[in-house]
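What follows is chain A paired twice: with chain B in the first complex and chain C in the second.
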Partner chain A sequence: MFSYCSDPDTLDTFRWFSCYLTNGVHWSFYASFLKVLALLAVTAPVALSFGFAGAMSARSHFPPFSWLGKTYIAIVRGVPDIAFFLFFVIALDQGFEWIRHKVLCPDWTDPIRQGNDFLVCQAAKLPLGTSPEWVHETYGFFLAVITFSIVFGAFAANVLFGGMRAVPHAQLETAEAYGMSRRQTFWKILVPQMWVYALPGLSNLWMVLIKATPLLFLLGIEDIVYWARELGGTKTSKFTQYPHGDWRMWYFLALLIFYLGMTRVSELGLEKLMRRLSHGQATSGGELLRKETTA
Partner chain B sequence: MKNLILTTAALALTAGIAMAETVRMGTEGAYPPYNFINDAGEIDGFERELGDELCKRASLDCEWVKNDWDSIIPNLVSSNYDTIMAGMSITDERDEVIDFTQNYLPPTASVFVATSADVDTASGVIATQTSTTQASYVADSGATLVEFATPEETIAAVRNGEADAVFADKDYLLPIVGESGGELVIVGEDIPLGDGVGLGLRESDGELQGKFNDAITSMKDDGSLNEMIVKWFGEDAPRY
Partner chain C sequence: MSCVQTIQDYGLRSLGLGERLLPKTDFTLCEHFTLIGSGMIWNIYFGIMAMVTGFFLATALAMGKASSNKWLRKPSEWFIFLFRGSPLFIQFFFAYFFFLSLKKPYPMFDSFTSAWLGALIVLFLNTAAYSGEIFYGALRSIPKGDIEAADAYGMSGWSRFQRIIWPTMLRLAWPAYTNEAIFVFQSTTLVFFSAFPAWQQRGDALYYASYFADKTFNPFVPYPILAFYFILLTLVIVWGFGMVNKHLNRHLPAERKAKMRFRLNLAR
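Let's turn to the complex of A and B:
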């Protein structure tokens, strides 16, 4: 990065670190922070919509929908995350490839499963074997988003289901008395009011999601924990210009600060959101706000 | 959901229009000098250099992929990459699940490393990396085995006293012992394990196996493999 970096052995401590912390492998480390933030930014809304769909179908009056929603919630909540992550991603990937194989290579006669091997024709590979590495990484990222969303969506569905039930029944009866249809009551009365009941549960989920990102490495994505372990490990002078001992503690300390910072920022954001949602609500929080403004 | 599938399919299709035979090479990237991540963040090491040369001789287009050691075989058989070059010794257990080319490194020596030379390696607590030839050797030897996911953690376990000694490839341990300033020492004799290091392939990939076997033979014949071994493992390393 800097011109004096060509021979790090001769540098003083400050300059040594300025070179060490800006070498190529550290940029990969810094980029992985963005990767984690991007994953959070994409997964949170997708998981929330999975949750919303799950909750809507769980309280549906049409029994098959309701069973579907309840089964989804029960299964995902019951299976350990790590099992889900290990099994589901490989299954999902093979499922996609199997479908593509059936569509793209109808003439293929060899069995797809040969002993331990899972073989589809070259054109059905996802991504194609010839694709550049970034396509593979994007695809892995996409699988990660789907998997996280399905897992966290089930928890969110349960929270939203509870939130929907917590809205005072009198509100819904009043809406019906005014002649609103079931659909209008749901979208105009129930949904706007349920968030205040669901938010504490959803904020818990958000916190758990932030901490769950190291599971990414199970999916083959090099996240911040992977790089901290890799960079902090002992390096001997034969293979690097920057030899050092076991520095994992310092790298993990940096991660600790990052995660605590994320938690603090989230807390502030959620507090603000809660205040906003409480406006005009028949809850103790809403009552407090009313007193504040009138006093 | 359907839309998502379609968009990825479209993405994959548009990205891979140029069809050359690409072989994806899986490695761990945490086991110098075999394979490691260099200062620039790229995969480097003996296997990187050898792999690139083999691909050139077999006229293949090779791309390197990093994968965790624990799941390196499952991801090969489910076709996420096509070969494993990760210092993997050829053993009978592995040969049941995947295939190997002929070895590109003669059987390498493994050694015990501990903080003092008088550790009893036959009955003490020995750290190894999970699912390695060393792990099965220790499991059969009567010593207490503790397994770790990465080589780095096995060294740390000895340093902090969790294990009495670490058992791993000599080539991996030597530079670490050399730079430990006398803190770590080699205990006992070299122990040769396995049938040498080979390239792992799916059992159904006979054609690719043939290409790599030919390339390895040609490198053994013209002596370029020996040069590479000396460059990365030093003058004392066993050669062909």
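Let's turn to the complex of A and C:
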């Protein structure tokens, strides 16, 4: 990047590193951090809405909905989430291709599963073999977001379900006494109040989501783990201007520090949010705030 | 080939006994069940060893974090933050490459780069940090009266810890600790997907499940089988820890007994 970088062999240590850390592949490495942040930014709201839908359906008085919601929550418990990640990526991909196959090639007669192969017609392939590179990458990222959302949606559903049940029952009875319909009680009384009860669980979930992002690597995305392994590996002068030994340990140390920083920042942010939400609530946190301001 | 034959061939495959070559084509349901079940041996090994060793360090960490001595408190706090604040997956990678770089100058670190020891150490430290935080929380919620009563009886130091503080801490922490146990067993599946190599294809349950999924390109058979095994394992853990919970609460009147509540199991 700098002008003195043209001949790395002549540089002193500090300059060598300043060149090494700003070369082309390292910018890809830094960009992959943005990928992780983008995944968090997209997944969190999507998973939350999945969770909200799951919790609503688990609360439903119509049995099939309630079973559906409860099964969704129950299945994700008890099974390692990494198994889900590995499962959904193939399953979703095959599901999409199967649907497109049915729609686009209705007169195809061969079975789709032939022995160990999964065959759909050319037009149904996702993404199309002819599409440019970025479409493949975006599609992979899109599958990852859905997978994360499904898994974390179930966790969020569980937390929100608990939060909804924690709202004092007297509140709901009062709403009924005022003549509110079930729908009005739900949206105007229950939903605004449940957040403070759900927040400890949701903040825990956010921490877990942060710590699950390295699993992107298993979904075949070129994320920070991928680049750390690539860049850290031993390089000889044959292939690069910057030969070095096995530095993977240091790259992963950097990732470790990155995640510790993320955790610390989130902890501080969530604490602030909790203070704000506790304001005026009939919880011990709210009581503490009230005492602080009156004292 | 009958199913009994398959079990004889592959039942202990994950330990390197029996048939050397994994099945290549025409996978039967029996082979799926046998190999994935055989891989569970590793998950159970990692889980139990990490829990047993981690328990002692966790108690020490909780006592350290609750200590008024700065030199005990600060290291415990940092240790817990370090292992709870970063992903286990990255910890596995870091530890593997760390041991790898130690191996060159010091050959005695040879076995640390293989999963049975290296991954176990990471799991041990990780579960110690998480359980340490749970125990610390329980330590802080021991009823004040219990400790005052112990003081009144003239107990102090080791006897107070051993007879009053430690049992009460365990009793209060047990439901959360059960969740932690379920967690640990689930996170053992990460071992062979991080850097640790599965030597001679001796892997854990998920390793074999993904082997089948890769070969058949059909995720709908191996992963549900894996899920079946893990749900079974979870039920066994819940049952076992429930028995201990009963034992810990045996002196309490029925209505005050802490109900075991199992909250969600999250990844880390």
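As a working rule, the second predicted complex is superposed on the first by the 293 of 295 C-alpha atoms of A that agree within 3 Å, B and C clash if a C-alpha of one lies under 4 Å from a C-alpha of the other, contacts with A are read in each partner's own complex, and residues count from 1 in each chain.
One rule holds for everything that comes next: a contact is a pair of C-beta atoms (placed from the backbone, for glycine too) under 8 Å apart; a residue touches a chain by one contact, two chains touch by 3 or more.
Values in this document were obtained by computation on a predicted structure and should not be read as measured data.
J.: Looking at A:233, would you say it contacts chain B, chain C, both, or neither? Reply first, second, both or neither.
T.: first
J.: Looking at A:90 after the superposition, I want to know if it touches chain B, chain C, both of them or none. Which is it: first, second, both, neither?
T.: It touches chain B and chain C both.
J.: Once the structures are superposed on A, label A:269 by its partner contacts, choosing first (chain B), second (chain C), both or neither.
T.: So A:269 meets neither chain B nor chain C here.
J.: Let me test your reading of the model: by the given contact rule, A:222 touches which partner, first (chain B), second (chain C), both or neither?
T.: first
J.: Contact-wise, after the overlay, does A:118 reach chain B, chain C, both or neither (first, second, both, neither)?
T.: Both partners, chain B and chain C.
J.: Which holds for A:200: it touches chain B only (first), chain C only (second), both, or neither?
T.: Neither: A:200 stays clear of chain B and chain C.
J.: Who does A:211 touch here: chain B (first), chain C (second), both, or neither?
T.: Only chain C is touched by A:211; chain B is not.
J.: First (chain B), second (chain C), both or neither: which does A:168 touch?
T.: After superposition on chain A, A:168 lies in contact with neither partner.
J.: Quick one: classify A:246 as touching chain B (first), chain C (second), both or neither.
T.: In the superposed model, A:246 contacts both chain B and chain C.
J.: For chain A, which residues lie in the overlap of the chain B contacts and the chain C contacts?
T.: After superposing on chain A, chain A residues 90, 94, 116-118, 217, 229, 246, 248 contact both chain B and chain C.
J.: Along chain B, where are the residues that touch chain A in the complex?
T.: These residues of chain B touch chain A: 4-5, 8-9, 11-13, 15-16, 18-20, 22-24, 29-30, 32-33, 36-42, 44-45, 61, 63, 65-68, 74-75, 77-80, 82, 97-98, 150, 152, 155-156, 159, 175-176, 178-179, 202-204.
J.: Going by the contact rule set out above, which residues of chain A touch chain C in the complex?
T.: The touching residues are 73, 75, 77-83, 86-87, 90-91, 94, 113, 116-118, 151, 155, 158-159, 204-205, 208, 210-215, 217-218, 225, 228-229, 232, 246, 248-249, 252-253, 255-256, 259-260, 263-264.
J.: With touch defined as at the start, can you tell me which chain C residues reach chain A in the complex?
T.: Its residues touching chain A are 25, 81-82, 84-91, 93-94, 97-98, 100-101, 182, 186-187, 189-190, 193, 206, 209-210, 213, 215-220, 223, 226-227, 230-231, 234, 263-268.
J.: Could you please specify the touching residues of chain A with respect to chain B in the complex?
T.: Contacts found on chain A: 23-25, 27-28, 90, 93-94, 96-97, 99-100, 114-120, 125-133, 135-136, 138-139, 142, 146, 217, 220, 222, 229-230, 233-234, 236-243, 246, 248.
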